[in-house]
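Here is the structure we will look at.
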């Protein structure tokens, strides 16, 4: 239950207009005896319509969502809204400030901490507040990710494959409205406790994204995020500044349903890719090779694809470690 | 239940006389394969009377309680006691040794870890032993705090405001017996899991203190702690060396019941105070300003009081961080 | 239940032959967005016979088990087996790679983490997989330890004293088959959550070992481990390469049942031992003395034995810390 | 020579008016490939008169000088000046930002790094720029210190005892103009390489200060710094806003010329003082006692004064370490 | 002098054929009492011709040179060479292994450590060996860089502007032979002690490169490095596998001669670029804006270009710090 | 020159009797503003005779010398001495306290820091004081080492091979007097700056030792150190408690003159030795094999001897790193 959350805020979720504030999360420091950590939040509400929960900075080293949502809050006026936007541009702000995927305060991955507990470490306390106070108020949930420091992706809006076909069809429709090049159906190969999984389990229209990587951060990627998000909001009538226009061309629907589609590094070292993003891949093909940093003149270790399709994701930093995902391979997907 | 505690000790809580020993708390180190961490404990028992649990070092950087209790154990002889003193002068000894608020072994705040679990990290294992083995034996609980490195306070004995008026009246009576300048009723604005809250919830006569700050540690502050504690023990007849004498002048009863009484830094930087401790404050008044360490010549950010009263607490180190308490404002309080 | 484990593997526990692979344990890194940590595993199965679960590297700085089990997997062919060997040579591989007792990833002692939880930190996730997927399949459980960096022991196969006499007699019989100089019955003085305790509680034939210390790692100690393990496997008919031959001379059965048998350092400093391993000890005898590193010319603090017997274990590094075990004293033991 | 400094700036030291800028100090980071670290600087110049070099933040945890100088730069207008003020409010800004005495970037004490080298680590590069570019331009040098986190002092303006009587008399005259309670002549007992020593060796009128300690930072201490500095500037005619008025009462001139006046902790532990600041001290008197954190119930170690006078300085944090200065004792001093 | 280097090797620089080995650099570790750190080196020599010194991994997080040179050593056979290649693919191997710009062993930037000293920390010892043993043997020096984690660049071969026109013309000719899109003349704005500066000062034909950034590491960038380096070697006749063909189109010659061409972040925060790489820039134009991570909803700080040209470099990670280079602007350059 | 040392002491090197004190080495800490680090020293002087400088704890993790010298200072009375003993039992006390080879304060190896500089980091300041104040007063220099955490050795007294035959013969005579099993002539393969090298270069009778390893620390090794040191002191008439008796059997004189006698690990991993200490070795023989911690089931990498003799030293911890010495091979040596 949310009533037991130790997080407090001056935001009134029922009030019309644009409110900007913080969630105050209790946190003990050696350098601050009585302290709260501030998580920025904004609420824009007007008229009637769905509630959309928008988050960025779930992983601290992914800035596309952070900047898109900060600019959105600055740009959008209450009179342009029908419904409610609840915006958390820096969900894991300790990580955003540090430029790291994980929170430096407790070492945790926010996207493995859902639904959290009320007396959890800070990452779990934030997750718990989102899970029990914010998600129940939301109809649509958007959690904006990108490759950050360690991964890169062809720009996509994404989701899991769900058993509930109605929910999933609607989610694909919402994702398509963004007009990003791809709508991507992914599987979890590195643990549970994701924000989107928890939101999906509550039946919410839930969208994630993967947009480039840290150094691809720029005009083009931010444009995809900004235009896509606004178009989806227009489709649902939440944003009324401009009529909704279906994107053209329509995004391509792709999926990586098998764990073998996520190629893990067999050894640590320098991954030299043999393919560029978007290249076709055949099962068995060499995707690249890994050079040892201890015996660098030794023969590199080849990395083979086990499945075919196109190269959709790649590691974002040449030095990789055993067990890290160096390639993601997708194939066209059709809604059943 | 306490019977499942992994903590062991040679202390016999039922035995008369003065016993000095340790709690042995299992802890794994890379430098010590089979090891226990020792938490010092003393028990002084004689005749009949209440059991008083005395703790210092709940926060490691607060040495007033540690030194007061160490000297108390050296000074008091069993024949001066009617009842039982259980003394934990360094409750979070890992933090005391490190000179930090939080335990360096698990990064935790002991005063947010109650009641703890038997298979917890070390801070929680100690809390669990206190909660389930020691607190049930106690009638009176005193947890001596001060401002440590990061806060400073006008000297006070303190407590929460309780729903149970009988318990609270008795606690105020006990607090008053110390003769510290103030008796202070505080609210929690930075989380739960406090030792005093747990003791209060068990119906114990529970007192905390806030005594100065790390560099104010000296003859005067230690005198307030030592004289006050002994006087309270005399009032309850537990210490019989000298008759109880009501303190003169009587302490002033003050409270900071609203979260707005605890002024949090809006930004990180150097907090320059405009008031000294004890100065009167009006709502809306500038309490100080915060200088940026990145753009130091830029205009400082003012910090305003939202409530009026007197300045009771202030940050104990000029460099502050967003969300840290830089000022505490109290007003006179009357028991209902 | 194991069905909720987030750990995955390509190993098929029902398949004949020799399989070599990994357990993939989800783990988030700042340097690897989607990642698994690999724990090596091998399964050798043939014909019918008991299942033996063999683990090394429960503590990362103990390499005897790691090397013995790696060589065993290389040496033994399926046709030499009747039954099944499940081999985890580096149970806490993060610690093995770091050369530390505890996992550098979560700071935890694997041998205090059983039975673990499915959404635990990495050490607990591995423990959970062992507890709920592997242990239920096992008849015999062997967890190979040595003194590592911080302790040293006379070579032994060991176990707790169990209430179930049948189980314990069989365990002593299995331990005796190794032919190590000692079979050692120990007590827990530094916490719970051990792999062997959990396995014993399931009624498994459970053996541990203590073999020397990090620098005694060599031909002789590895020989004791290798010959002993194989002989025990031959006794149970799981290894059929050579007939079982009872060891000669038979190991000596010893025990340290009292907490006083585990002598903890009263202070930190340099422990100068007065006895060599295996020397007889009388209660009250000086076992050594501890030199202060702050006031080194001050009188050293003597360390006395409280019980008598022979010196069976000693700290493995001269610099010791308060509360660390500096000596273990055993006495002959007879099965009741 | 300064011409080889790698430090650059847009400040023109010959230009009239108020300039605010930075020194750009080259520094390599893993997080910033081509980078400079900015040290704030201001120059206020008008008419003719001496050049005064003013620095704060030589030690990062001493904020009195930082705030006084930041406010001075904001307050003073060029038309109020005859001569030139060169102001470095955060000399060791990396340490100021971290709240530490030493630079977190190279672990060095700026006040042990003079005169520095052009290809030094960052602390030495800054020292080198000050030594070879700024000090040669200065007539008067003021380096504002306080006790910071670890020491506390009665408020004083200070200097070394110099062989050059003319220089020293003038320095005492300048110090007296501040009107702080004390003018303090100190000796170096913890190394060389101080900014003031180097400035003194160049024949500059050189003043330091010691003003309270971190938590005494407040209205009173900042007032002493601000009023004192301005009064001295008025005496020299550099500040013309108000006529110079000799302070009343005149400061007391005291000295601690012997190394025995600086009492070093014989052991690490909690220093319990037996005297308050300003109390008279006799040689041989107990100044306090040190409680062990490992054996806290053991007898504390007494700390004796070897010389007499008054208690002028004390350690600023109760937990002290062997060899740290726990007390400074001064006696009246007369200029010869 | 090189004769006093403490670095040893089994490589014989006068021997024909392909030799692969290591430089053994003495280094003390807590984990290895007598130890050397191995820096990989290869020498390929045949017939007569110039000596080319090739280095990669000067900055550890730049892998383009490392992989290109490792593959070059594998691919090229002695009979394809006329002259000598001395190849150091991982000059600062401690940094390459860590994936960081700076050495984790001494925190130093190899490209600020030249020419080094024989009893230096490890980075300086390697620099000293290169400076006094290898560079004197070389005619042509190539040090392959890229943007690494923190910068990104349009692909270029680069150099300083030199006073010696003959040397510089030859260097431009050599750079042009690579056929990378740009030949880039840069200025130093973040310190001295660069490998190329030292090599240039010895009169060597000295080339650097800047090739993309960490996540642009892939088939295209590695192709530019590999084809370019080989083409240059063919032009000088050192590589004889294929005749030299002048690149078409010829690279564009550009320069950023002024310190204002290197735009430093005025504040720390998230840099949102308004231009993509290669876009034209006018002096005064907004290049982007920086969002605060502490007050994210506050107005972003704009970053303006001071000079015009095209956007040639940009920060490689969105989170930037005050003083870090966020943009590099170049203009066409003509050899005089 | 020593006259510029910043190190101070109350010890009077010319005074008869037994003095115990400290060297005060200035050192700046964030936790102690004005501080010295104390290095323990004792001087025992009586009558006339040589001056012997005795040091332990040059490497902090080697406790044999520390304990032997602490006990020696306690045991020996001035009247038993003819000449002078200057004893530094914990030369690198910061490392001794930390249990590490290198100083935790500056990361340096004391035995690579000679002769040091007066304004050096702390390790170099101590070395400088020893080099310029103590060594010039000494006739005989003994620096007691052992294998510590990372190496183990057959017990020996050792030295370099010197060009000066007279000096070397005398040194062998002095070494032989100890009666340790071996006198060992070693070569430097991991850098310069050793205390013994510097003392040898001054013509001093200079002895080192290598005695076991951290866990072999015990009655036997300490006995070899204590008896040997005293016997050598008796031979020179400095210790007069008992007449000198030549050791029987005489130590064996061995040497490892070639760099190939020091076998460095070709890769990192777990070194499994195939020989025990003292076993004969033939050139080309497999000394052991190294198991990968990343691919543990892969074939181990063999480690071959390049020279023959006997196995004299071995790595002291199973986990080794590339370039670390895993084996030292000696052959009989004859003085020329």
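To keep things simple, chains are lettered A, B, C, D, E and F as they appear, and every chain counts its residues starting from 1.
What we mean here is this: a residue touches a chain if its C-beta (ideal position, glycine included) is under 8 Å from a C-beta of that chain, and two chains touch if they have at least 3 such contacts.
Since the model is a prediction, treat every value here as computed from it, not as a measurement.
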item: Given subunit C and subunit F, the chains that contact each of them; value: A, D
item: Each chain counted as touching subunit C and subunit D at once; value: B, F
item: Copies subunit B and subunit A - interface residue numbers shared by over half, same or different; value: different
item: From subunit C, the most remote chain by mean C-alpha position; value: D
item: Chain separated most widely from subunit F, comparing mean CA positions; value: A
item: Chain centre separation (subunit D, subunit F; CA means) in Å; value: 43
item: Between subunit B and subunit E, centroid-to-centroid distance (C-alpha), Å; value: 58
item: Euclidean distance of C-alpha centroids - subunit B vs subunit D, Å; value: 35
item: In subunit E, residues with contacts to at least two other chains; value: 31, 61, 99, 147, 149, 294, 316-317, 319, 322
item: Pairs of chains found to touch, sorted by chain label; value: A-B, A-C, A-E, A-F, B-C, B-D, B-E, C-D, C-F, D-E, D-F, E-F
item: Footprint of subunit F on subunit C - complex, ascending; value: 20, 40, 42, 61, 63, 66-67, 70, 73-74, 89-90, 93, 96-97, 99, 147, 149, 152, 213-220, 222, 270, 272-277, 291, 293-294, 296-297, 314, 316-319
item: Residue numbers on subunit D that touch subunit C, as the complex places them; value: 267-268, 294-295, 322
item: Contact set on subunit C toward subunit B in their complex; value: 59, 61, 100-102, 108-109, 112, 147-151, 189-193, 259, 262, 264, 316-317, 319-325
item: Touching residues on subunit F, where the partner in the complex is subunit D; value: 6, 8, 24, 26-38, 119
